[in-house]
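Each chain gets a letter, A, B, C, D and E, in the order it is written, and its residues are counted from 1.
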Amino acid sequence: MLLEQLINGITLGSIYAIVALGFTLVFGVLGIINMAHGEIFMIGAFIGVLVTSVLGLPLWVAFIAAIAVTAILGYMLERIALRPLRGKQGVSHLAPLISTIGVSILLENLSHHIFGAGNHPFQNSFAEIQIQIGSITIYIVQILIFVISIALMLILSYWLSKTKAGKALRATAENLETASLLGVNTKRTITTTVIIASALGGIAGILVGMAFNSVNPQMGLSMGLKGLAIIILGGMGNVKGAMAGGLLLGLAETMIVAYGDSGYRDAVAFITIIVILLVRPQGLFGKNTSEAGR
Amino acid sequence: MLAELLNPYHLQIASFIMINIILGISIYITLSSGQLSLGNAGFMGIGAYTSALLTIHFEVPIIIGVILGALVAGIFGILIGIPALRLSGVYLAIATLGFGEVIRVIFVNWESVTQGAVGLSGVPHLGRELFKTVTAMGFEPEMLGLRNNQVVYLMVLTLLVVINIFLVWFFIRQNKSRVGRAFAAIKMDEKAAESMGINITYYKVLSFTQGALLAGFAGALYAHVMAYISPADFAYHRAIEILIFSVFGGSEVIWGAIFGAAFMTILPEALRVISEYRYMIYGVILILMMAFRPQGIIDVSFLKWLKKMIKFRRGTDHGTGTKKHN
Amino acid sequence: DTTGDGDSKNADGTVTAKIGVISYLSGPGAAYGEAITNGFNLALDEINEKGDVKIELVIEDSAGKQEQALTVAQKLMSDDDIVALLGPTLSTEMNVVAPEADLNGIPIMGTSTTAAGIPQIGEYVFRNSLPESLAIPAALEKAVAAEDAKTVAILYGNDDLFTKSGFDTMKEEAENMGLDILTIETFQKGQSDYNAQLTKIKDLNPDLILASALYNEGAVIMDQARKMGIDVPFVGGNGFNSPQVIEIAGDAAEGLIVATPWFGDKDEPKVQEFVKKYEEEYGAKPDQFAAQAYDALYIMAEGLKNAGEADRDALRDALAEIKDLDGVLGKFSFDKDGDVVMEPTVLVIKEGKFQLFE
Amino acid sequence: MLKVTGIETFYGKIQALKGVSLEVEQGKVVTLLGANGAGKTTTMKTIAGLLKPKTGTVEFLGENITGMRPDQLLRKGIALVPEGRAILSTMTVLENLEMGAYHRNDHDIKKDIEQVMEQFPILKERSEQLGGTLSGGQQQMLAIARALLSKPKLLLLDEPSMGLAPLIVADVFRMIREIKSSGTTVLLVEQNAKQALKVADYGYVMETGKIIINGEAKDLLEDPRIVEAYLGKKSS
Amino acid sequence: MVLELKNITKNFGGISALTDVSFKINKGEIFGLIGPNGAGKTTMFNVITNMFLPTSGEINFLGETISGIKPHKITDKGICRTFQNIRLFSQMTVLENVLVGGHCRSTSGVLSSVFRTKSQRTEEENTRKVATELLELVGLSSYEDVIAENLAYGQQRRLEIARALASNPSLLLLDEPAAGMNETETDNLFELIKKVQQRGVTVLLIEHDMPFVMKLCDRITVLNFGKKLAEGTPEEIQNNPDVIEAYLGSEEDDQIA
């Protein structure tokens, strides 16, 4: 059973990690918690359902469609809910939090309106392919999810720390004005980031749909909350931290069900972050930048 | 005439507005020292459950129950506030949100006490208890030409209005004092505030605790106005709702939280005609608000303008010679 | 003067009345509210066509929230023309609204509120929805007998009133029957991954899985269980019983046993006619919520007819007297508390559809 | 090279510039003086594209550049060392320098970084330290070095000597001379009026959002209005 | 003696910002702390106010050790500072800023504030009186109701001094108060600091404006690479070859500039 539970935990954790990567990217660049990320993820899952189950098209089309749609959503999110707030005087740091909550409410209810409140099955033959090892069944999807999450993490962390674009992104994150003085097209950098983050959400959406065969308008909320917990766990804006935090949480949740009380599963994420923050306020992988009295 | 005016529907909404105003103030108070706490739904739950359990099982009078509920929430406020000192900004926000979730999960799982998701029904109803007391003293609703539920809700509302007036008065005075200035200083620059001799530990915990106490108080009142509570009442959505009160109305001034709570309670009712699209519109309003008036509806300059208007109305004969330096 | 019977009775002796409906029409659980209001509307047309009583429905949305349910209830109750309330959808909402209705002396009838204790709130409080305390034992008894089950695992949603109170009944009944409960697992709303719980259950190898879940989650649970290789039957509560389970879970839904007041394939003209009409009107098969709502309005109509006037107190008394009324759910009576008296049917999903479980 | 005509810039409703016109000739050092709050920084920011003027135009090398973004202007050859340094505090010194050369694609970047590090040895020594933990003066040096790495045609310096030790101040002014002799044009804002006028060819003096005096730097040094208002009573 | 620093060392990871620095400040004097950029001057302020705990060493203030005491307690005891990068409460009015400065000289809590007890009212009156007086001293009387952020730079510097004085310190720490000021403004600042000294406040000053420092200070300590390089009167310092080499630069340097 332990082995099976480990597989469950890693699968869940990898999904958490992909969701968290999207959160962390936006936070890293804009210093904003994008509360609509969960809902964008949910829309991605619905696009997957539409393309495969309703239109009967192959899976790769679903991936492309979901990435495209969520990328467009990301663009719109940036244009409508984030850009108008940027650089405006007297804008509290809560404003983007609220406006993205607005987007999340809008998206959730919109999809509820369009798709109905219920669960939609994500039936796809690919999701059925399995490998049998003794009494343990592993689905190809589970392996795929793990591989994709690791790959995304590696690509992102390379991109951020080693490439010029990544540095530009970090500069933008720290100070818009300075970055633009150094020749960074900050508008484009930000838009690109939000689009990439959203597309990550879309990918995660399809993977969840396939893995658990369940897609509904509410799935964004609980996934979003977990994502938040993870980026705190891993250190805000830290890509490796998001990955580690995701896996850690997935495993912890699974193990508490397996060996403890499943009633407390939802609390695990938050109890862990409360404990971790008290020990390391900057998160597991966050940098400690204590400020001097200058 | 009076009977027409006192539509229980309106009284009910007005009562919810009053409770929500307390919640709005609760988040405003913590914000006024620069701490964004999203744990107020959790504190509200603690207050509600404490008071409900005490009144149900130990037949404690409602007033005592409510006060104890608020106090217990306040104690939790201290317990959470102290470690929370190490956190700031979004970290604090998410950690407190997490605290709220943990509290909810405990309510769900601690079935022997809380009945889990089934919730606590049969919580003594504030209005109905008051009603019993006054009828026992010989009062008959017909004497005023009113129906029972009108009297019940009228009494609840009156009580809540009195409480609210007191609270607003209390916090306005506090704000204008040394304590309020310390909160504001910490909000603007913690290190500088510390250098000016402000004990930031004390004041941050104080404002956090005041927020928790108020949220617990509102929760306890809520329990006795609804007469039924369940863990779902104190979940994520509530936390966000409370946040929106303050941010929509304006988080710089206490009037912002008050206005936001009132407006956001009426809005769903006003949009009832188009109920299918209600939440979508709700979302759109939030987005537009932030784009066009991110500081919230009511801010310092709005208040100044309002004061000027009132002065202008009242005293054109005195002249309005306000000196300006800059 | 609005309560006098002069207004409420037409010249030809038909009773005219307004009835308030509180339903969950926006938000995550809106699917239930939609089915319910569909049921009401279908019945409404038929009743008004028949002409014994003329009913007008005033439908309000509660969004599944207690405060809003209470405010709309106040709104409806303060309209003197409204003689009764139908709804609200959720038991949590009912817990808040019913005491208020009782205090104001207006009959209120739940059509989907199945938690324990609701009709006992007051003498104006009724329901026609089959409570879990009737449904679950019926299903469990038949399932245990058929499978010769000794051991069970229980899985339930612990943060929802509906599924939690279903679980309470399930556990009590399982204990009464002397079954060995191997484990009790919970899940939470909005969860999409049940693998951890199911892996644990699989390892324990029970004869039956008792699942107190709403169909949305239930279907996904079954799907994941079957994928994992768990093939024992599931016994579900009231909320699990929906044709949607088959749509969502497909083949994985095979082997779900539920007890229900509502069986859409019943060989009875009344039922078949309802199903046909409903499908024509709304493009989907009616579920039990629609059926219960449909019958509920007929019960109200009967009450109004017997009361002979549109008066809240008269209606209450008339409702309490209702006996053996024929509906799509079968013969219907209220017991002394205002709770439903009815014999549930036990169904199983086999070959892609609900069938009578023998 | 740079021609500013009648710009008016606002902060919300507050008008900070009330029609500023000035000109900077190729290869010259021009200084902009004025009391606190006169609008010097605002002028610099408007030229660099951080603020958009309500009216008026900015021309650079004959092209109208009014309203362009800072990153576009950097590509055209205008670099600003802002007031308050604007170090990227979570990035290392080296990364800060690399960001200075962000828009360049040539192969000399490494060499140029080496070179500025030689000019400011402390930067070499601290190349892995986070920018935010440098002392005030170290940050100022980093900011200047970073701007130089973008190889600008026009360098805008907003109070580069602020907070620097006397030795380093001397260094900074020496460097401004070097920058000039290497062909880069400089527009310099300084509180240290005397020093500024010594390195500059031409000077402008601002007061409450307007240019009130302009002239050859050596003439301004003698101008009694300037001596009284900006050079102080001290005779040292 | 007001302040005595004994063998202060402060390391940040591998970087030693201060190494074994000791000096004493006498009552009523204006004491200068100068040195090249990065010498550790601001760090010294942070150590004195306990914003940073020193790695080793001891600080005595008015005959009592203050090592390890919370920063706000230090202010209580009578040390108050200004910041190198101005840190006013930018959204408050000028008057409110100074009132906050008076925080540690008053005691009223929540209840007495809300119910406006008699002692609270007198205390509040006093705080306001002191604040108005200080604004008068720094020449900002007519700006009481202006939002601090909207003040000109030099005025902000003076407001910071008034705010610090409101805590009624025996020792005032000023971190580069003349930075960014032109010479006229610097002259005004000079007068202000002299006035502060006349009120009996001891001043410890960091500054790079040498004519200003030399004219103002009674004694000066020079730091270089975190170590004490020299100490003495302005004359001694100006003529100290080590200081000239490390910090001041020679006359020729000045000529070039």
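We adopt the following convention: a contact is a pair of C-beta atoms (placed from the backbone, for glycine too) under 8 Å apart; a residue touches a chain by one contact, two chains touch by 3 or more.
Quick caveat: nothing in here was measured; it's all calculated off a predicted structure.
Fewest steps needed to get from chain B to chain D, stepping only to touching chains, is 2.
The chain with its Cα centroid farthest from the Cα centroid of chain E is C. One simple way to say how far apart two chains are is to compare their mean CA positions; for chain A and chain C this gives 37 Å. Annotation: 32 Å between the Cα-based centres of chain A and chain B. The distance from the centre of chain C to the centre of chain E, with each centre set as the mean of the Cα atoms, comes to 74 Å.
In chain E, the positions touching at least two other chains are 42, 49, 51, 81, 83-85. Looking at chain B, one finds that residues 108-109, 191, 195, 276, 279 touch two or more other chains. For chain A, the set of residues that touch two or more other chains comprises 109, 221, 261, 263, 266, 291-294. Residues 1, 4-5, 8-9, 11-12, 109, 112, 116-121, 123, 130, 137, 139, 208, 211-214, 216-219, 221-222, 253-254, 257-258, 261-263, 265-266 of chain A touch chain C in their complex. By the touch criterion stated above, chain C contacts chain B in their complex at residues 25-27, 60-61, 63, 66-68, 70-72, 74-75, 77-78, 92, 95-96, 99-100, 103-104, 115, 117, 157-161, 163-165, 168. On the side of chain D, the complex with chain A involves touching residues 11-12, 48-50, 69-71, 74-75, 79-80, 82, 86-91, 95, 98-100, 102-103, 130, 132-133, 136, 146, 150. Residues 89, 164, 167-168, 170-171, 174-175, 177-187, 287, 289, 291-292, 294 of chain A touch chain D in their complex. Residues 26-31, 158, 185-197, 199-200, 203, 215-217, 219-220, 223-224, 227-229, 244, 247-250 of chain C are the ones that touch chain A when the two sit in their complex.
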